[in-house]
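Chains here go by letter, A, B, C and D, matching the order in which they are written, and residues are numbered from 1 within each.
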Amino acid sequence: MAKVLMKGNEAIGEAAIRAGCLNYFAYPITPQSEVAEYLARRMPEVGGVFLQGESEVAVGYMLFGAAGAGARVFTTSSSPGISLMSEAISYIAAAQCPAVFVNIVRGGPGLGGILPSQGDYFQATKGIGHGDCRLLVMAPASVQEAVEMVMTAFPLAEKYRNPVMVIGDGLIGQMMEPVEFPDHLKTEPSNKDDWASNGMEHRGSDSRNLVKSLFLDPVQLNDNNLQLKAKYDRMRAEEVRFEAYNTDGPYRLLIVSYGTMSRVCRTSIDMLKAEGIEVGMIRPQTLFPFPEKAVSDAADSPSCTHVISIEMSMGQMVEDVERSIQGRRPVSWYGKCGGEIPTPEEIIEVVKERIG
Amino acid sequence: MAKVLMKGNEAIGEAAIRAGCLNYFAYPITPQSEVAEYLARRMPEVGGVFLQGESEVAVGYMLFGAAGAGARVFTTSSSPGISLMSEAISYIAAAQCPAVFVNIVRGGPGLGGILPSQGDYFQATKGIGHGDCRLLVMAPASVQEAVEMVMTAFPLAEKYRNPVMVIGDGLIGQMMEPVEFPDHLKTEPSNKDDWASNGMEHRGSDSRNLVKSLFLDPVQLNDNNLQLKAKYDRMRAEEVRFEAYNTDGPYRLLIVSYGTMSRVCRTSIDMLKAEGIEVGMIRPQTLFPFPEKAVSDAADSPSCTHVISIEMSMGQMVEDVERSIQGRRPVSWYGKCGGEIPTPEEIIEVVKERIG
Amino acid sequence: MAKVLMKGNEAIGEAAIRAGCLNYFAYPITPQSEVAEYLARRMPEVGGVFLQGESEVAVGYMLFGAAGAGARVFTTSSSPGISLMSEAISYIAAAQCPAVFVNIVRGGPGLGGILPSQGDYFQATKGIGHGDCRLLVMAPASVQEAVEMVMTAFPLAEKYRNPVMVIGDGLIGQMMEPVEFPDHLKTEPSNKDDWASNGMEHRGSDSRNLVKSLFLDPVQLNDNNLQLKAKYDRMRAEEVRFEAYNTDGPYRLLIVSYGTMSRVCRTSIDMLKAEGIEVGMIRPQTLFPFPEKAVSDAADSPSCTHVISIEMSMGQMVEDVERSIQGRRPVSWYGKCGGEIPTPEEIIEVVKERIG
Amino acid sequence: MAKVLMKGNEAIGEAAIRAGCLNYFAYPITPQSEVAEYLARRMPEVGGVFLQGESEVAVGYMLFGAAGAGARVFTTSSSPGISLMSEAISYIAAAQCPAVFVNIVRGGPGLGGILPSQGDYFQATKGIGHGDCRLLVMAPASVQEAVEMVMTAFPLAEKYRNPVMVIGDGLIGQMMEPVEFPDHLKTEPSNKDDWASNGMEHRGSDSRNLVKSLFLDPVQLNDNNLQLKAKYDRMRAEEVRFEAYNTDGPYRLLIVSYGTMSRVCRTSIDMLKAEGIEVGMIRPQTLFPFPEKAVSDAADSPSCTHVISIEMSMGQMVEDVERSIQGRRPVSWYGKCGGEIPTPEEIIEVVKERIG
């Protein structure tokens, strides 16, 4: 298929359709409202549904209800909207239902601003809702990768029966890039009959599936949590994705950076190479599970004397980098937040300062 | 003052009043509804206000509104209710307003159960809302400590103009213990005129205070985030609180545990000591800032060969323990979740297994 | 087409579909929830939409939005739910949009009971919303008539660009009767392009239609009210519907009664005839416009000495009867309310008492 | 007490306080928001509560809850806001609780305009909510009378345990007039212990009062409706209030007009008298109960050949005038709606036209 030039937000909407998702619930918020605009037009064309909830709280429960009934479901929002969905996300994870969330992060906290940010790293990877629940989180660095990750998110959500989040920023959402769409996904979730509430007719049985997050018996609740933990451990084993850049030869410093920020870092690395300074980079494509081993191994490279987590946030991913490296290399953080994106020149300066 | 026998939830309500908080907004949820019941009666007696919001979302914004006007404000809730407040918490942090939250955690995720849990550790300490915001988080291990922490929470919230959370569990909330109340706090927030929206008459000036979380200019937003970061760094420097147990002599293993869970661990340590096995414990009283140095120092004790994070959650605090120890000792996790509390005997078995 | 045996509520749902209405918004409430259950299944079969709002307030505005865009829209509810829609009904009437409401009245006021009642006569015919707005109101006395009135309601709503209400009670909704459906309506609203907000593409012009209820200029608002008044006067001239029973010969007393109540009255009239006592009845099929002339003419019959309004309400329609008869005959009321339906025997006793 | 010059809306707020009402729940809407502004300041001064609900729907239920607990409660709103409260009004009437509503009517229907109107006559007097419920409705023609009616409304609401509405318009609300406040009301509702939910401690008994609107047993519901009907009949017997103007001598035409509109009519009558044309007027001060006998008697004056209902609405009160006169005189309507107020000259012209 030929490449088409598309805005990221529109490409994300199209990707969901090509992944076979015909149920989109959302509430508009800058900088991702174009997804809703696009799908308001496209969903009816493909026999799908776009329902604008009366708030993000409602959207969260529309997702839960439809997911629990076995439908492929999807929403897009931005930071404050995701906070409003956080109770529902915890419910969906607890009830082990698949659902895909796209968070086009805006500057925070609070209303913040509408420019790009990575301030929701912690929320996405650790504390999205109450209780022991986690999302599988992917972070694209281009419109093409956003498309691929959204299309991958649905089968992953169904494999794990767990919410999956694709976390981008306003640059991913707003910029136009040439994009090539993979083939439509053909598969139906294969195990839907085993758990979804509307599976009865296909199951040819009269046993009921109960989709719920309430387990008043502590043994059952602990058991549900052990199932969740087992799934998260399996994600750690099977789903880690990352990209290494300029790590084949020796490098004096390792950058860890993701999403839009990593594109700026790549430019800095190229510029530094021209000056004869080698810097490697690990770009996590999955934020949870975090590529701990990849970061650790790359830091262990004998020439590497320092590791920096470069973020459009005030020091969040750096904690996962620290945990990965376990003190074997000095780890520091550099970043800005709220729409100011560190420039290649700033990063070069920081790198030079770190390697003395 | 003599000790009185009180239920934890009631003592928490009384503590807020004695801290000079006359504005309580809440929505009922087990296992903390007794706070609302108590304050529904007590607040009018002291000229205060208890307003039940129509939802936790509303409560969050009642807190924001009143806090922005310079009032001392307070809510109590439990896990799903805190998730519903998470957008507002991010707004309050962004707007730099003081507010005190008590989370009597119940089993999660989702509706979960109503028995004690520590499943909200990550949410409280890392991802409570979107954007770069953090709460100062304290975790009591007794009703007496809950009273002290709630009374401390108000001046801390005002010192930092930041939300403070006291995180307990159903055992703290439901059990009766003898409690002695400190003297009433006398102080008014001294700097209210500088920032609160209703300070104009006292300021004797016609300059306006604007209380907001929206900063469309990225330079201003980044600047606001730098102020937040500076405050969180200052918390790390000034507010760390922890308790060490059985760490004076040599010990073969270090337990890190907090809240109700730490009381069980203490019993296990006493029982192990009777067997001649020495185990030390660091009990974080502040979860953020986490007592990294205390944990690290205690782990560095030459006799100590292993560190366990014992939690009523599926492996959350253990990440902060790992970060603190930076690979110098093996760190592992033990826990249960959802109302099943590990017994002293189970913990003893785990300790023995770890130290081989 | 052959007759089918159907429950009233289901027949009402089917009638809307056969009237070409593919947009049903509703919130469940006894005794009409079967309409929603029926249409939840049927609407997708015919390519229509059933959207359950988060409250009746929301449903009212879903109707307004879709009607303003030129869609044929429909809801069903029961007394308290209609009150919650009353603001929206006033908006829809003010903005001159077509919409069809079915009110399966339950005992009131307040939550009341779930048994049949006619307590909403005044609300439906006079004070449904604030401001000078009126509904065209029809009251069926059988399932068959309910079907016909619902199917008639849509073209009438479009003819007048005004809300139309079909008002029944739990007996109409719950009982099964044989029903024959008229042919599907073929017509599209012919004038939609002139006023609906989404008519632009068909109009082949770039002029905008504005659908609104706000007229800040008092001259414009007065003008809009004059248009409404002209429509209501035209309804009075063109849409009055009623049924006369036993009025061909002389009768000593005239009953005015509608809906389910009139069926009981008909039995009483038959029983009285067997005793040699002739009683006539006018059954308003439209409550607004009220059949003033028919009632007046029937009361003027020389043999008629008394008029009774027999209602399942505490004296509501009797006011319209009084206004119609203008003092030329004594008018009285008889009724019960809240689920107790006057029996034929009671009515016979009342009639005998009146005619002395 | 000396007269003070006050805006109507502020005088209404002060009147409620002097009537001993310390519980004001409201949501802002033009043209009555000044009541809320005034009481936001005044209520705390007198130890009262002003709570702004999150919507008028919520306000309605705040009133119900507090009234059911025996508190004197009060709200003010304008047309669309009253529609949103209509479900709650029906619940309050059904549960037989006292509550006072002020409706400063704006042009309708829908959003309409913000200028004076009398378009809510029907809603207030007949169809305010579903079911057989009615309000006692008073309509002031001056700020002074608004004060007196509001102060009277509370004891009347308590006498009948029924909602009372004072219905004005933007002119009453916005204009400044000299006003003299009656003495503070001293009385507490004397029968509160018999029915309110919080009366138990005063009753010295352990019997419970149940405040509810749900009566699933049709006999009980009918009985509750009979109690309501008996109260409404008693209102008709005891509470009718009206003012006659220029009815001592003979007059050729009778005007029926209320509120602000009647002040314009009075000017017309004075101007006509100067021309030698006598016109009488009955000004209903209670709209329900309507002064049927007064209107009827005045119309029966031998010289009177015509009756006009002059309204700032499109023909609403005229129906009650017709019912009162029962055909003995021709009755017609004149009016405008939406902010255009008929001028004295217009009315003179209409009068001359009618009397030929």
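Simple rule for what comes next: a contact is a pair of C-beta atoms (placed from the backbone, for glycine too) under 8 Å apart; a residue touches a chain by one contact, two chains touch by 3 or more.
If you're wondering where the values come from, they're calculated on a predicted model, not measured in any experiment.
Enquirer: Which of B-D, A-C or C-D has the same interface as A-B, meaning more than half of the contact pairs match by residue number?
Expert: Duplicate interface of A-B: C-D.
Enquirer: Using mean CA coordinates as chain centres, what's the subunit B-subunit C distance in Å?
Expert: So the centre of subunit B lies 58 Å away from the centre of subunit C.
Enquirer: Could you state the distance in Å from the CA-based centre of subunit A to that of subunit C?
Expert: Comparing mean C-alpha positions, subunit C is 53 Å from subunit A.
Enquirer: Where in subunit C do residues touch two or more other chains at once?
Expert: none
Enquirer: For the protein chains shown, what form does their contact graph take: line, ring, star, complete or other?
Expert: ring
Enquirer: For the complex, give me every residue of subunit A touching subunit C.
Expert: 51, 54, 58
Enquirer: Give the list of subunit B residues in touch with subunit A in this complex.
Expert: 57, 79-80, 82-84, 86-87, 90-95, 105, 107-115, 117, 119-120, 122-133, 212-222, 224-226, 228-229, 313-316, 319, 322-323, 326-328, 336-340
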